[in-house]
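First chain A sits with chain B, and in the next complex the same chain sits with chain C.
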Partner chain A sequence: MSRYLSDVAVLARKDLRLELRARNTVPAMLLFVVAALVVFHFALPEGSSDLAAKGLLWVAIVFTALLGLTRAFVAEREQRLIDGLLLAPCDRSAIWLAKSLSVLGFLVVAELVALPAFALFFSGIDGATVAGVALADLGICAVGTVLAAMAVAGRARELLLPLLFLPLAIPIVIGGVGASVAAEPARYLGFLALYDAVFAIISWASFEYVVTE
Partner chain B sequence: MIRARGLGRAFGAKRVVHDLDLDVPHGGFLLVTGPNGSGKTTLLRLVAGLLVPTAGELHVETPRERVGFVGHEPLVYRELTALENLDLYGRLYRVPERRERIGMLLERFGLWDARNQRADSFSRGMLQRLSLCRGLLHDPDLLVLDEPFSALDEEGAALLDRELAELRPHATFLVATHDPDRLMPLATDRLAFGT
Partner chain C sequence: MSTSLRNNRVPLLAGLAAALLCAAIALTFFYAPVDEDGLNQKIFYFHVPIALTAYACFGWGAWKGLLHLWKGKPGADLESYVAIHLGVIFGAMTLITGSIWAKVSWGHWWLWSEKQLVLFLVLFLFYSAYFMLRFSVEPGPQRANLSSVYAIFGVVLIPVSFLAIRLANQYIHPIAFNRNGPQMAGSQFFTFCVCLAAMLALFAALYNFELAGKRLDARLRELRELLT
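Up next is the complex of A and B:
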């Protein structure tokens, strides 16, 4: 177990170091999410309800995550570096977990800017929304990383990832919006936690088959 | 050490490797030759475990952590330095005395002075040297080399000659090349594709 976690740490640290050097992903995610919130701010008619605004927050989060996921395996794809990782004697699911953690880190950075920006443009953020965003992030990264690895193997990879990811993100949006607007957010948070658990296990178990040619 | 019976690999309808029988004993040196597209790289990727056969059976006795692979791509991150790349692989392969081993390889392949340079500033020849360092880092028992001399200058090629001769008694080799004469003195067997 400690060996597994050590491999995950080595691989995740590598992804963070690559991002610090190249700065390809996080600035793009930040720019996108802030620009999307500005557009939504002007698109919503004067006097629109907070409920509509909360819905748009979730749209911004899902598409920002999609942007990060699209770039998740760029380095591994461009020079077939995935081969180097697959040759290494680490459990292949460690590659998935490390990549999920690094995407999660990038998404959290984007949200640290997006949530205050949302509060500035629309309305304040309550604890249930923050909890919903945190739980949704886990599901988005777990599922999205497997789908990103799957899409990388295909020819129309930029097209494939949204087609695969968005249908699977619908329950996340339902749970997230529910947690943000319902009077009793607990059951929506429970639903998100259940989604995370089920899809994390499926993603963890299936990654090896996804990357095997 | 490597045993294949009726081995085949197809990509869609295209059969690249077909009905291949192969035996490479422990300590053997199999030279794989043939024109471009004849299936050399596919065979090497099958043996390295990067591809799964679509027909027949393939048994490679060597565990994954004891296989060294050098392919067409150097498999190094361009944004990382030579030292950082080797450190990454050294940690994943649990190389004992990692820093010393990395330093020794970088020195031997003439990359010590460039150890803190990012790989994206390397020439094609330097990348090939770094790729060889990566492939040899964990002192593998089975070396799978696809065109290892490609992009190397004369000095680099001579260096690799010496390295292969030194490793020859301790490892099993599967080497694809367009220059079989260079490696013929080391080889125990030859597999010619597409002839």
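Up next is the complex of A and C:
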């Protein structure tokens, strides 16, 4: 068990180090999410309710995550890094867990900017929204990592990932928006936790088949 | 693995499906009573069996995908693909018949408060992306694995989405329409069962027909490669 976790830690550290050196993904996600919020301000007519803005916050989060996920396996495919990873004496699901954790890290950094920016531009954010975002992040990264690995195997790549990801993200958006706007957010948070658990298990179990032939 | 149309189950299943469909149409229009909703309630006998058959297709596709990943059963990937292909067709028919029913009953082509219809829209989008995935990857073991994993994600998504859409209705819309209004009479239930059997038989016939064609195709390609 500790062997597995140390494999995961090494692999995740590799992704973080690559990002720190090349700075490809996180700055793009930060700029994108702020730009999206500005666009949403102008997309909402004068006098729209805060509820509509809260809904758009979730659109911004899902699309920012999509941006990060599109980049997640680029090095693995373009530099054939994936062959090295598959030869390494570690469990294949450790690759999934490490990649999910690094994508989660990027997404959290983007949200550390996005949520205060949202509070500044639109309306204040309560604890339930933050909890909803945290739970949704787990599900987005767990499912998104498997789908990103699928998408890079195809010819269409960047085109394919949103098509695969958005239908699976609809329940996350429903749970997240419910947690931010409903009077009693507990059941929506519970639903998000359920989604995370269910999809984390099948992603963990199926990742091996996605990367091996 | 039979490749010939003659010595497999296709003609038998096609005959069964045709007979059951004729019986279903006859029962729907001449046997089942017209209830208080009027004649437009008859679409129930087609819409709901088609929807249930679509679920059966998706479930069958995921089961074949699981067999491919778990046991490495040869040909299971093709069977999974054919089942999902038919599932998308039945899913599209569910959307169309549901839309017609909504228009006739409530005056709108689309209602976000109709949970089953919204669920089918999500599933339709999800499984349409299946084809994008499948046809952007080179044929081979990797494509089979990816398709199977995606098919299994699909059957997990069905209950999760259903739960989510039920939750969403509580803040987007009040639940305005309850389809279980009139209790089903015995004759109506019998008609419904025959319609469901007819749709399932239609699925089985189309499934075997498409599978036979695809296998014939693959065999032909192998022979051509042998010749060159």
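To be clear about the criterion, the second predicted complex is superposed on the first by the 213 of 213 C-alpha atoms of A that agree within 3 Å, B and C clash if a C-alpha of one lies under 4 Å from a C-alpha of the other, contacts with A are read in each partner's own complex, and residues count from 1 in each chain.
Please note the rule applied: contacts are C-beta pairs under 8 Å (C-beta built on N, C-alpha and C of every residue); 3 or more make two chains touch, one makes a residue touch a chain.
Please read all numbers here as calculations on a predicted model, not as lab measurements.
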**Message:** According to the stated criteria, A:Y188 is in contact with first (chain B), second (chain C), both, or neither; which is it?
**Reply:** second
**Message:** Output check: A:G175 vs chain B and chain C. Expected answer is one of first, second, both, neither. What do you get?
**Reply:** second
**Asked** Thinking of the overlay built on chain A, is A:M1 touched by chain B (first), by chain C (second), by both, or by neither?
**Response** neither
**Partner chain(s) touched by A:R17 [first = chain B, second = chain C, both, neither]** = first
**Request:** With the two complexes superposed on chain A, say which partner A:T212 touches: chain B (first), chain C (second), both, or neither.
**Result:** both
**Message:** So in the superposed three-chain picture, is A:L87 touching just chain B, just chain C, both, or none of them (first/second/both/neither)?
**Reply:** first
**Contact breadth on chain A, by residue count: chain C or chain B** = C
**Message:** Residues of chain A that sit at the chain B interface in one complex and at the chain C interface in the other, please.
**Reply:** 212-213
**Prompt:** Inside the complex, what are the residues of chain B that reach chain A?
**Reply:** 48-52, 63-65, 67, 69, 71, 73-80, 84, 88-89, 91-94, 118, 134
**Message:** So in the complex, the part of chain A that touches chain B is made up of which residues?
**Reply:** 3, 6-7, 10-11, 14, 17-18, 21-22, 75, 79-81, 83-90, 212-213
**Item:** chain A partner contacts - residues on chain C that touch it in the complex
**Value:** 69, 122-123, 125-126, 128-129, 132-133, 136-137, 140-142, 145-146, 148-150, 152-153, 156-157, 160-161, 163-165, 167-168, 170-171
**Prompt:** Which residues of chain A touch chain C in their complex?
**Reply:** 143, 146, 150-151, 153-156, 160, 163-164, 166-168, 170-171, 174-175, 177-178, 181-182, 187-188, 191, 194-195, 198-199, 202, 206, 209-210, 212-213
